[in-house]
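The following pair of complexes shares a single chain, chain A, combined with chain B in the former and chain C in the latter.
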Partner chain A sequence: MEDFERQLKDALSRKEPSPSFEAKVFGAIAAQQTGRIRFWRWAAALAVMLLVVAGFWMRHERQIEERAAGEAAKARLQLALRITVTELAKIQKSVRTSTEE
Partner chain B sequence: MITIKIAFFVGLALGQLSAQELKMPPNLDHLAAKATEVVDVTLDANLLQLAGRFLSDKDADDAKVKKIIGGLRGIYVKSFEFEKPGEYQDSDVEPFRAQLRSPAWSRIVGVRSQKSGENSEVYVKTEGGKIGGLAILSTEPKQLTIVSIEGSIDPDQLNELGGHFGIPKLGTDSPHKASKSGKDE
Partner chain C sequence: MTFGELLRANQSMVFSLAYHFLRDPGAAEEVAQDVFLRLHGKMDSLESAKHVTFWLRKVTSHRCIDYVRKRGLQSTISLEDVAEPSIPEHHGDPLLNRRLRQLIATLPEKPRMVMVLRYQEDLTPEEISDVLEMPVRTVKSHLQRSLGMLREKIDRSMGDIR
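Let's turn to the complex of A and B:
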């Protein structure tokens, strides 16, 4: 019985941690923090990269749309001018014909 | 004082009335259903500006067009071609013609052929001694064309376009061939 009590006492007695224990704990915390910081750095870099790519893509799409609209407007303009000049030519011809008559 | 105010507002209203742009009659739209060919071009100032950005300064033809549209505020064209005569009435174009009776507009050419049934009219709007608008109303038994150009335009510049973009030279034969290129929309 005495032996058991002694063993129990020994087990529950306060023991000083080894000198390297504190360093190990702080090291583990620092490693964890470094890993987290590294993750967020990569995440931020990826987000920035995605934003840049999305920006370029949107700009490219807008340019394509603008070009299509511009080419369509140009074609309409040419058609409008063609009809206008054609009508004027026709009127000019009619005037000339009636004058000659 | 009241008389001055009334005169001011009447003057303002008349000024706005004369500055008002021509409007394409909305009743023309029902003709599209009867027509075999329809050309409907609407180019406001923004679209003209956009088209201008795609006209090259290096290309001689483009440069001419760019010069023409530089002073324009809008180009509106409606052209209908029908299979048989009598598909449209004079009343269809009357709202357009009525706008051209305003003091700002003057008819410079009117050609009427009893034989062919063709009737063509050219109107110009003068703004400060310069041409500020051009309107063409051309009716044939099987064809109706209305052109409205708003803004400063030089007919000589239009003349220069002859022979380019499929545009016939002014005064040459078979001038209408180019306009029958098909539907715009």
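Let's turn to the complex of A and C:
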């Protein structure tokens, strides 16, 4: 190797970082882990909140469906009653006609 | 090896790669810290100390180049005005060493990293080619051109040292 290249190796010899470097790295790792834990806590809280909202929404939807089914049943019953009344009126009329004769 | 042992064994190598490339001790520590954070997350997938060293050199090199690009640092601007960090010189000619580092800092990103890997880490062109993911031919060409340029500038400014 030439002198010039030896000089380059000398110029680019390894240096030590500051004495606090190791502590900084461990601090950053701890901060990252705390950040991750905080993130998962928030994610879990958000998931619970979403489940509660979804539960309320499903309950509300079921109530709407039940109310609609009730309304339909009421309408069917009213129709049946109207038909019955009409039929009874017809029977009453025919009975009355046959009695008069 | 535990993470702490790997950190202690490699911190000088990682910091020096970043320092010689960026010429800023603060930025070099920032990059080195980021590299070790990534290493902490990759501990399970790295098989041996040799693999860790290769991985650290590769990630540090790429991270340094990204750092310069993202911060828009001008690598081609002369750094003669930048103050030297208070790192003591142990041997050689301090003035010449300083001048060489200043000249290396003026090289474009990839040739500069090639020079740092070659003369700090004593890697062969083949090893540099693996670390920087570039053809061996390109590595050799960067080395040749950078050496020629440095020699010429040193000769011009400080006289022939060969």
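A few remarks follow.
Simple rule for what comes next: the second predicted complex is superposed on the first by the 75 of 101 C-alpha atoms of A that agree within 3 Å, B and C clash if a C-alpha of one lies under 4 Å from a C-alpha of the other, contacts with A are read in each partner's own complex, and residues count from 1 in each chain.
Rule of thumb we're sticking to: a contact is a pair of C-beta atoms (placed from the backbone, for glycine too) under 8 Å apart; a residue touches a chain by one contact, two chains touch by 3 or more.
Note that the structure is a prediction, hence the values are computed from the model and not measured.
When both complexes are overlaid on chain A, the residue A:Leu88 reaches chain B alone and has no touch with chain C. When chain A is checked against chain B and against chain C, the one touching more of its residues turns out to be B. Look at A:Pro19: by the touch rule set out above, it reaches neither chain B nor chain C. In the superposition on chain A, A:Phe4 contacts chain C only, with no contact to chain B.
Within the complex formed with chain C, the residues of chain A that make contact are 2-5, 7-18, 21-22, 24-25, 28-29, 32. Per the touch definition, chain A reaches chain B in the complex via residues 66-67, 69-71, 73-74, 76-96, 98.
Across the complex, chain A is touched by residues 4, 7-8, 11-13, 15-16, 19-20, 25, 28-29, 32-33, 36-37, 40, 87, 90-93, 96-98, 100-101, 104, 115-116, 119-120, 122, 147, 150-151, 154, 161-162 of chain C. Those residues of chain B that touch chain A in the complex are listed here as 39, 41, 43, 47-48, 50-51, 53-55, 65, 68-69, 75, 77, 79, 109, 111, 113, 118, 120, 122, 134, 136, 138, 145, 147, 149, 155, 158-159, 161-162, 165-173, 175-179, 181, 184.
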